[in-house]
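The two complexes that follow have chain A in common; it is paired with chain B in the first and with chain C in the second.
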Partner chain A sequence: MLSIVTCSHRPDRLAAFHHHLRPLLADIPHELIAITDATGLCEGYTRALHRSSGNLLLFCHDDIRFLSPNPFPTLLRHMQSFDLLGVAGTSRLLGPHWGLARPDFLFGQVAHPGKISPFEVAIYNAPARIIPNIQALDGLFLCFRRACIQSIGWDAATFPGFHLYDLDASYRAYLAGCKLAVACDIPLLHHSAGAYDDRWEHAGAAFIRKHRTSPVLKQPYLVPCGGVAVHTPEEALEVMTPPYWPAEPIVSPERTAVPC
Partner chain B sequence: MLSIVFHTDDDVRPAAQHFADRRRTVPLQFIRVRGPSRAAAYNHALDLAVYPALLFARPDAQLLSPDFLPHLLAHLQRTDLLGITGTLRVSGADWFRSAHPYLLGQYLYGLPDGRIAHVVFNVPAPFVPNAQALDGPLIACPLALAKSLRFDETFTGLNYAEMDFSFRAHLAGHRLAVACDLPVYLPTPPPHAPDWQSQAARFDQKHHHRWQPLPERRFDLRLISLPSLDAALPYLTPAYWTTT
Partner chain C sequence: MLSIIIPSRSPDRLAAISAHYHALFPHHPHEIIPILNPPSICDAYNRGLDLSTGDPVLFSHDDIEFLDPPTFAPRLLRHLESCDVLGLAGTSLLMNASWALAGVPHIFGQVLHPLPPPYLPYILSIYGTPRRLVRNIQAMDGLFLAFRRDCIAQLRWDADTFDAFHIYDVDVTFRAHLAGYKLAVACDLPVLHSSHGAFDDRWKTYAQRFFNKHHTRLAPIFLRKHEFGTLQLPSRQHALLRMSPPHWPPDV
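Moving on, here comes the complex of A and B:
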């Protein structure tokens, strides 16, 4: 069973998201869990964790859209091998944002609405379908094995708001020995970008205080990722499917079973 | 055994020495060819070459590893044409028009302020096969292949000789690859010759029916400014080549 958890204050956005998900989940045992009154993502996700029954828990934003026709068989296949999966992250965390790592330690790709064209695809690195040995992940899409998130938990005391909850949970999962990966082959359109305001700064400082004994506070790199402006979601999908990847394995029905 | 072709009017002895220092035990022949047309100059070089493999090289290219040339020859065992930049999909007269994720390769070049620019098109692996066209400061191939294709002298200037040559090789069924692990530094950015537009038009006229066009796509290159060559070198070997 796959539990898909979303915290959303916007009924219209939540309904649209669930409407988007349903056909993609037609053959996948699943439950949709919505927290509509979360005071922060850790608080909301913790409630959802207690309410859920899936072996896998996907915590994701309510404004993402899957661009490929079959993302969930791909997700389930990857979860056979990993404890925590995201779509963007780093294999060497250097500070309170995964994007501060050296460029060749950044992975993933995400499409956004663009400023000068309808969509822009941010490509960090996507050398393969799946990138293992990840240390921290972005929270727009985080799929945990239940055992992993139950042992890690969400730290609502340190991160009561909507920032850094993802970096903290994923990095603690890494420190605890869980296997993290970035799936480059689950292309997403994310309708919003991160808001780096005072609240983010505050959460960043809390992250640094919490993890000051970990080797994460080195000189960050500030290098823009590659980006491509495209006109349609179909074009974004094409850009996010490099020809140098091997063909996606054919997934038989029994292989789509949710791993325990 | 490798014949190295420099198209320049300048003295190539410094370049030859630089390349010779990176040959290990590979026997080298250096050929300097001149003239306004790169295609004509390269065709002349084909008549002078004696070794079974050819490298067309910008004479100011600096090869940043001591075993650069043996490594290049090893790659050439796996492909017919090899470059350090190229595209997996030709969709117009500019090889970089296809944008991500089709562009491949990387190199360093000198900036006017003395810093080093690291240009990364895309380097998913040390060796990436299935390219459709190559460009850039270095292109290698067997002499026999070059003699069979020859360069098209209707490209009269400094641009498009290599692009046309490599695209025709692809169309003829030869294997093209981009070596992302051959580190190169260019003291100056790749030049943009004044006849570029007319040569692009010639390429388009010659080949436009042979590619599937893509929508125009603005893209941001990853360009990193670094203080020195020493600081830049680690960027040329992404950690994920060994960890993924």
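Moving on, here comes the complex of A and C:
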């Protein structure tokens, strides 16, 4: 069973997200868990974790859209090999944002609404469908094995708001020996970008104190490997499926079973 | 034995690049064939090809420098065991005479260029470096091209259509692709190229010639604004580090 957890204060946005998910999940045993009154993401996600029954838990934002027609068989296939999967992150965490790493240690690709065209694809690095040996991940999409997130937990005491919860949990999973990966072949459209305000700086300082990382507390300047302006989600999907990847393995029904 | 053909308008530059190639191949028999003041690149390369006896045949600009000399020869020769034409930058989807037009994720390779003050002294253009060797390429840039001899002997350079210094490279590599040869971009031969391409009126003239020659075989054009990765760097050492991304497997 796959538990999909979303914290949302916007009923219309949540309904639209669930409407988007349902056809994609038609053949996947799943439950949708919505937390509509979270005081912070760690608090909301912790409540959802206790309420959930899936052996895989996907914690994601309510403003993402899957661009490929079958993202969940891909997700389940990857989760047979990893404890925690995201769509953007770094293999060398330096400080309180995964994007502070050197550009060639950043991985993943995400589409956003664009300024010069309807959509822009940021390609941090997508040399393969799946990138192992990751140290920290962005929270727009985080899929955990239950054992992993149960042992790690969400640190609501240090991160009571809506920032750095993701980096903290994924980095602690890495430090605990869990296997993290970035899936480049689960293309997402994310309708918002990060907000680097005073609250982010406050959470960033807490992250530095907790993890004794580099004290550099600055807004990351994400230098993607490539940026492409596109007009439609279909075009974004095409750009996010590079020709040098091998064909996606044909997944038999048994292999789409949620791994234990 | 391998042959290296280098056209140039500068004896000094020719001497420097020849010395560089001698240093790159300390243990491999090779011949350097300089062509001074040619009327066109194709003319120089065809003359050089006729004079040469080696296999593979390397065609090189006179203003490049490979940044990691000890690894150059073994990597080059290993790559040439599995392809017919090897370059340093190119595309898997050719839409017109500009090989980079298709953009990310269809362009590959990485090239370092010098930058004038007040910038940092180097800028690295990373078109795409998903692996050391990217196959299924359709066309490549001519700053450096290595051919198996039978391939370039069959194709030769089209000196009639491209009688100057533009688009000779995209033409010959695209014809190699159309003829069924295997083209690849080597991302792990880090290079400094001292000049940039000049996309002036003459380039447009030859681009039209290229289109007239190949338009039925090109991919349909789509126009997307795109940018590949670029990094300003303070030194060659920094560049060399950045040109070996951590996601590559260790060198054999």
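Keep this in mind: the second predicted complex is superposed on the first by the 247 of 260 C-alpha atoms of A that agree within 3 Å, B and C clash if a C-alpha of one lies under 4 Å from a C-alpha of the other, contacts with A are read in each partner's own complex, and residues count from 1 in each chain.
Following the convention adopted for this analysis, contacts are C-beta pairs under 8 Å (C-beta built on N, C-alpha and C of every residue); 3 or more make two chains touch, one makes a residue touch a chain.
Just so we're clear, the structure is a prediction, and the values are computed from it rather than from any experiment.
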Partners on chain A (chain B, chain C) - clash or fit: clash
Chain B versus chain C as contact partner of A:104, first or second or both or neither: both
Chain B versus chain C as contact partner of A:225, first or second or both or neither: both
Partner chain in contact with A:127 - chain B first, chain C second, else both or neither: both
First (chain B), second (chain C), both or neither touched by A:178: neither
Chain B versus chain C as contact partner of A:94, first or second or both or neither: neither
Chain B and chain C footprints on chain A, overlapping residues: 91-92, 102-105, 107, 116-117, 123, 125-128, 131, 223-230, 235, 239, 242-244
Residues of chain C touching chain A in the complex: 92-93, 103-106, 108, 126, 128-131, 134, 136, 224-229, 231, 242, 245-247
Chain A-facing residues of chain B, complex: 88-89, 99-102, 120, 122-125, 128, 130, 215, 217-222, 224, 235, 238-240, 243-244
Chain C partner contacts - residues on chain A that touch it in the complex: 91-92, 102-105, 107, 116-117, 123, 125-128, 131, 223-230, 235, 239, 242-244
Footprint of chain B on chain A - complex, ascending: 91-92, 102-105, 107, 116-117, 121, 123, 125-128, 131-133, 223-231, 235, 239-244
